[in-house]
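In what follows, a single structure is set out as structure tokens and then discussed.
As written, the chains take the letters A, B, C and D, and residue 1 is the first residue of each chain.
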């Protein structure tokens, strides 16, 4: 039971990831395919955030007693704690979460948040890039279905080959 | 007078939390009722009615409740802003959707109750 | 204080109902309407979670949603009504005139 | 997990994941691209709530700004230029992808048995550098929002790369679709009669006074709120990325309500793309300034040195250099993101739609 409770998040996220993958593979429509890709991307975001969660933690914005008065001296125990945590990172690094080493409250891991925060904005920019490619495909081929595009490509290639043969034969 | 004000303050401090929580629950139930309406009503316009009215009313009640339980004045100020923006944008978007649907020729279902049992989401 | 959970539960249930309407929605307008109400409920839930965990910092996100959630509704309206993002929403129909120039 | 609030949050987390799953499955089944876009909006709202339940407030902020405003509008803009429905797929063509997906999924699920437990503070991901950032920020940088501290100071180089990617994506979209100027001038050249519409009886109620008035009130408020998010980003959730997206949302709203020509008058294309470039240059410039002062790239102590000793150890608690540096590079991010996303929007909205009626 504990095993399930500790891992259901991963399973749900893998399910989402597979949905995204399925849409990406199965759909012939390019816009729908991009949507699948963005669902896939979001599931990766969810995975990172899941990894960064610490039980009993809260958002990694210092609050309450951890806030030092503005312009004041840093409490010496905080600095000392930082050093200690740094030194002990080898074996008991996890112990810095929680009211040890100078922090009074428990916070979740901020690092995945940073990575994903930027990735979301990059994600929408690249989504726009993909969409603009699709718009150009639509203007060139008149369709955004992958199989029709492939069929048109094939027809063009066959016609070109026939042309080439003709000119070679004429020569 | 000062005594009276002080006692009012005491009473307020006493009822603040229960009143706030009660208002929150009331607002949430209002929202829930509206959502049930969105599921159960027979056509777009009635659903719009259910959604938009309970949205605004429920959100207002909820936000007032949260203002009662909020710890600092800044939080109350933020809640006031949320209320203000919801109050502006919610009816506006309802209006926009209704306008778009009407102009697109979506006709409201009219007739007596018995006639409305045809397709999905009817009175049944 | 913990009774706030009841409010969150009620809102989550209504969120689910609205999601059902978004999925079923016989017409596209039903979907738009349900999504709109979905956004309002999201604002309220985000605010309530902030109170629940005792960190009202989260209200900033609720303010943001309250502010910009109707942008997509307007985009959808324009998508259907005008089939273009270029023209403005005018007071009345202009039979001529440069497309996209709203007055004021 | 003994804390009742933690349990409630965990339950909420499960419910949200289930709803995300349902929405994803519905996206896989639907054929109407429009319904898919709507469901993507619901997906974004749900994932923003989920991020908040897992303490990622800044991430939720970004998702809110991107999902509520930008991505829906961009997808609709692309659909205006392409098509509205997907072709029905052949039933047998589903088998191959389904098999691949099932195999991949089961392999991944098998791998989760080795994963650390959910919320484990001792897991490898939570152990080393993330925990150090938590503890060291108060002394090194002295701002409450650790995410901003890591984003702009500890990992400033990383963020520079991300900003560059956003900028390049914006430029690439503009190169593919034009800056929005060409099609507009084409519209003008096509004469004043471009959108010929027959007046119907319904046109009498085709007025949008409410929308215009409300938008006129809200657009400045959105802009001010973006500035609040930007400059308050060191104290609470927010920062340059979010603020940049919000500013571009304001431009998008203005353009939607008052027409793209009015928006181009207010925020010209050249201004938007210049802003994007200036943002990246500002960011990189701060880094090079640090280099010229003999510090490492993007070491903000260069801006207001607080006397490192011979060993390069910064023992002093004067963190003003860090603060100024963070403000500068966050401004760079703000400019770059706002300019890029506005450029992208103009590129999509400015292109004349040539959708065929059978696709509509």
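As a convention for this text, a contact is a pair of C-beta atoms (placed from the backbone, for glycine too) under 8 Å apart; a residue touches a chain by one contact, two chains touch by 3 or more.
Please read all numbers here as calculations on a predicted model, not as lab measurements.
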item	value
Chain pair, A-D or A-C, that carries the greater number of C-beta contacts	A-D
Chain centre separation (chain B, chain C; CA means) in Å	14
Mean-CA-position distance for chain C and chain A (Å)	25
Separation of chain C from chain D, taking each centre as the mean of its C-alpha atoms, in whole Å	18
Multi-chain contact sites of chain A, meaning residues that touch two or more partners	58-59, 61, 63
Touching two or more other chains - residues of chain B	85, 89, 92, 96, 99, 103
Per-residue overlap in chain D, given as positions that touch at least 2 other chains	57, 77, 79, 206, 208, 211, 218, 221, 236-237, 348
Every chain pair meeting the contact rule	A-C, A-D, B-C, B-D, C-D
Chain D to chain A touching residues, read off their complex	1, 3, 6, 13-14, 17-18, 20-21, 24-25, 27-28, 33, 36-37, 40, 43, 47, 50-51, 54-59, 62-63, 66, 70-71, 74-75, 77-79, 81-83, 86-87, 89, 93-94, 96-98, 100-102, 104-105, 108-109, 112-113, 115-123, 125-139, 142, 144-147, 150-151, 155, 158-159, 162, 165-166, 169-170, 172-173, 176-177, 235-237, 239, 241, 244-245, 317, 337, 340-341, 344, 347-348, 351, 354
Touching residues (chain side chain C, partner chain A) in the complex	53, 55, 57-58
Of all residues in chain C, those that touch chain B in their complex	1, 3-4, 6-11, 13-15, 17-18, 20-21, 24, 26-27, 29-30, 32-34, 36-37, 40-41, 43-44, 47-48, 51, 56, 59-60, 62-63, 66-67, 69-70, 73-74, 76-77, 80-81
Touching residues (chain side chain B, partner chain C) in the complex	17, 21, 24-25, 27-29, 31-32, 34-36, 38-39, 44, 47-48, 51-52, 55, 58-59, 62-63, 65-66, 69-72, 75, 78-79, 81-82, 85-86, 89-90, 92-94, 96-97, 99-101, 103-104, 106, 119-121
Residue numbers on chain B that touch chain D, as the complex places them	85, 88-89, 92, 95-96, 99, 102-103, 105
